[in-house]
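Here come two complexes built around subunit A, the first alongside subunit B, the second alongside subunit C.
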Partner chain A sequence: MIVTYRNPGAGFVATLLATSRAYLQRSSAYLIALIRWPLGPLFTFATWRVTYHAAGNGSVEGATVSGFLLVGVFGLITWTSSIWASGYAVEYERGEGTSASLFLTPASRAAVVAGYGLGSFVWFLPSFAALAFLAIVTGARFDIGDPPAAIAATVSLFVASLAAGFAFSGLFILSRKANLIANVLQSPAYLLSGLLIPLSSLPAWLRPLSGAVPATQAVVALRRSVLLGASTRSIGADVLHSLAVSVVWFVVGLIGLRVVEYVAKHTGRLELF
Partner chain B sequence: MSQSIPAVSNSSRRIAVQAARASFLAKLREHVFINGAGGYVLVWVAFPVITLGMLGLLYRSRDPALLGYAVIGITCGAFISNALYYVGQILDEERLEGTLINLFLTPAPRLSWLSGFAFGGLFETLVSAACTVLLGTVVFGVRFHPNIAAVVLCFLLFILALWGLGFMFSALGLILKRSNDLANLLSSFVFLLGGIYYPVSALPVWLRVPADVLPFGVGIQALAAASLHDASFGTLAPQLVRLEVFAAVLPVLGLLTFGWLERKVRRRGDLEIY
Partner chain C sequence: MAGMERAIDAEHLRRVYPKGGLFRRRGDTVAVDDISFHVPRGTVFGLLGPNGAGKTTTIKMLSTLLIPTAGWARVAGFDVVRQDRAVRRHLGVVLGGDRGLYGKLSARANLQYFGNLYGMTTDSIRRRTGEMLELVGLTERADDRVERFSRGMKQRLHLTKALLHDPPILILDEPTIGLDPAAAIDLRRAIAALVPRHSVLLTTHDMHEADQLCREIAIVDRGRVVAQGTPAELKSRVSGARRVVIETHETLNGRALEVERAIGALEPVRSVSIRPEDRGANLTILCDDTARTLDDTLSLLRRYPATIRTVTVIEPTLEDVFLSVAGRSFE
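Presenting the complex of A and B:
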């Protein structure tokens, strides 16, 4: 059955939702995956909570350790999604032998990449909830003075994650070393974005690199808005910084996807391993 | 007749050694070929170096003694990760490439090619371990005062225990057919309870109970004491006794588990099914 959409926006949304649904069905096909993915962030939180306790830290940058880590692991989940869902989207299709079909359909490639990312966010919802519960039980204290600020910061974090996913999707498949790059990229953001340790502890020479990661300022804004009661006005600069960096990554991603499409159609080598 | 037995035995031994050597070299070449030499090193170095960087920034100002422990912990963590991921992942890849059944049908003993893979992992892990120690020494100024004999003994016992666990995990991966997911799930527990980032004594009391029945914490603690504080065999005796028990029991358990689960999978005929 061929479905045509007069409105390109409707086609984009339909592709986005269909891809998300497929991602969720694929991810839940194995029982072990159903157990593993939600538990991973909880254990990361618990491990770092004990690490801070061992180091004798009672608070971090004015927030409770549990609150600080809650937001950090939240950011870590979105980064994982950038790499292993939206970033890996085209690579998954290649691995399953469906990338050629993907590039032959009129469906938006961007919608497919975003669909993987959206599916991943939904996939992690139970993890988000359990993480929040664990953080509260272990002493997280919240101070949300301005709910729109918290919403803006959360949205900017998701946008940052999707933008990074776009940039990675082209890079991964063109490099033919997706798994290597994905594994290497996984951990530097924990350090550079201040997900697990405070940004203030970073050496000065790492700060510019830290600012170039789209999630960094979004995580700062989220921490300030949900843990320290910051207003929309006071986190505005952080959110804008994050969005600006996200736009750059997004554009890089779109160019990358164009190149991928060119390679797929003109050289016919995209599916070769 | 009495002469033919040693001849057969020698030939079997030769096949076993050749199979171990071939599987060791095959995986090493494959990994270097796929990733390139630079990428190959990078993938093994990125995680421990970044993790040590974070712990270094966290512990440096608070408790420098913990930083020394973390260097040893993360170094050992590389070997633990190897036991968790390496052989199971290879068996999954062989399944994906359609060669898993061939491996099981070869006349070489399972133990030989499995050990070849495991040694490949051990060799690769040494790169990661060396980089962690180097970073700890050069960047964070950690100083070692090793009791060499104690370090060697602790390390051998620790590796033996991990070798046994590696077989168990890869056998479980054979049944579940998702070794990578299993390894990721288990590594979450191991990083929390294994005393890698901090000594097991830093855990809440109720978490120390499961942590104490695992070989990780005691192994890392013994290695940290032997390599950082020149601990003698006498001082290490309580930990060495526990490590010896792990090193004696786990390999046997690992081989038995692998044999049992392998028979189960073969009887079901779903060795190659996803």
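Presenting the complex of A and C:
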């Protein structure tokens, strides 16, 4: 029979969706992943809720602590799952022994990396529901005045997380120990993006660095839109800021992916199992 | 690809790996020194050599996983460095070993995923997956996880994956390694059936496999092609490896020298030795043409009181070829 092919754009989308589907199928094959999946976000939320309570804080930046943390943990999970899934894409393939098979195909590497990010985001969606339930039980109050604003902020948070994943993904082609760098960068990224603490508590000299992390303004926009009833117009600047920073991280990541693939093929380090 | 006589061209390929760590370089390892060969369309071409000869490094360069240090190669007319994406579209590769498939996915899900990575349409993926699974006899296990498959089944699935997008050229790296004899025979049959629709480059260190499957063979040793030709051409270059061994019931006592001289005078015979044994005699004849030698020798022996117990004809093998060109045995 004759084999027919998709055009490049449709091929990119199909690769992205197929990768995310394969990621979900593979993840759900592990019992331990199914157990860990809802518990992780719940424990993170509970730990921070108790910490704020012990510090005597009933509200943060005009929102309830539970509401503030709900958005923060949502951002944290989106950020970490996307970064770890997309940034780790090559390392996952290496662990499976499929990295050579992947690099032998003409598929866009960017589509595969993005597919990992999307798969991981979808994988964690049900745990957000459990998290929201816990937040409401512990006093979270929502004020969504403009649903499109909340959607725009959520999308920008996902894009920001994916962009960060792209920026890290190339590292894993060159080194299986790239996760050590990612681990080191994780804590300052949480701090700077204000996921679990108010940005206003950061010292002034750290604020410019905070603005360079793509998720920071997306989290601000999300909090304002779901907890304080902000409109699309009022969060527009934050969303645009986040998207602009994300584009920079994406471009760095895409160039990095191409460069490191070439370097890895040149030095013979592409598919170390 | 259309109208091209050669599926693969490799010219003076060389691949050097730097030795040493991050801060200290200790010279280079030459994995491939100078390899040139051409794979005609619609044939199986073999790269035969011992472990570490440079076969896998060569196919990594041809399949765009490695950039050559020097030399060039074209696959389906596309340059492996400058047009790597086009090369990957026209190429199916089966890498050696057990890896390269997603163990937690079913055979069907693996093929569907790789179909997407090759840019195939949903309809093509669906139809081709069904056809290919049928072809290699995995239809009944199509929805089982690959981690539960035997080595032979995985290898058949590897071949299916490489054929899924119907590439004109296939590279098979030690495809039967680790398989039990029956599974290896099955897979060799499947490989033989690939031509002439596909052109196949097969790397192997199994000389029987190369002899059986390849129209042409390049023997590789220490990163260089040391001999190239059809199996028959290669074997014809080996002198003294053709033998006819005849065992008789009689010891030929007293007439052994006469028989030896008479056989030695036959045209294709190079040398002959007669050795008495417990239950008769053993005649070992080195020659250039085993069929003629056997025919003439049996006619000659009728004149003597010698009844034949066994006859063994030994043709030169690719092992003999390797020994003669590399100056050492294959292992």
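Observations
Operating definition for what follows: the second predicted complex is superposed on the first by the 261 of 273 C-alpha atoms of A that agree within 3 Å, B and C clash if a C-alpha of one lies under 4 Å from a C-alpha of the other, contacts with A are read in each partner's own complex, and residues count from 1 in each chain.
Operating definition for what follows: a residue touches a chain if its C-beta (ideal position, glycine included) is under 8 Å from a C-beta of that chain, and two chains touch if they have at least 3 such contacts.
Bear in mind that the values here come from a model prediction, so they are computed numbers and not experimental data.
Applying the stated clash criterion after superposition on subunit A shows that subunit B and subunit C can sit side by side. Rounded to the nearest 10, the angle made at the CA centre of subunit A by the CA centres of subunit B and subunit C in the overlaid structures is 90 degrees.
Shared-chain residue A:G11: touches subunit C; no touch with subunit B.
Contact with subunit B, but none with subunit C, is seen for A:N57 once the two complexes are overlaid on the shared chain. Once the two complexes are laid over each other on the shared chain, residue contacts for A:R36 go to subunit B alone; subunit C is not touched. In the superposition on chain A, contact of A:R207 is made with neither subunit B nor subunit C.
With both structures placed on the common chain, the touch criterion links A:Q186 to subunit B but leaves subunit C unconnected. Minimum C-alpha separation, subunit B to subunit C, in the superposed model: 11 Å.
Subunit A residues in contact with subunit B (one complex) as well as with subunit C (other complex) are 30. Residue ranges of subunit C in contact with subunit A, taken from their complex: 15, 17-18, 63-67, 85-86, 88-89, 91, 93, 95, 98-105, 109, 112-114, 116-124, 127-128, 131, 145, 161, 165-166. By the touch criterion given at the top, residues 34-36, 39, 42-43, 46-47, 50-51, 53-55, 57-59, 62-63, 66, 176-178, 181-182, 184-185, 188-189, 191-192, 197-199, 202-204 of subunit B touch subunit A in their complex.
Those residues of subunit A that touch subunit C in the complex are listed here as 1, 3-6, 8, 11, 14-15, 17-19, 21-22, 25-26, 29-30, 96-98, 100-107, 112, 262, 265-268, 270-271, 273.
The part of subunit A that touches subunit B in the complex is made up of residues 30, 32-33, 35-36, 39-40, 42-44, 46-48, 50-57, 177, 180, 183-184, 186-188, 190-191, 196-197, 201-202.
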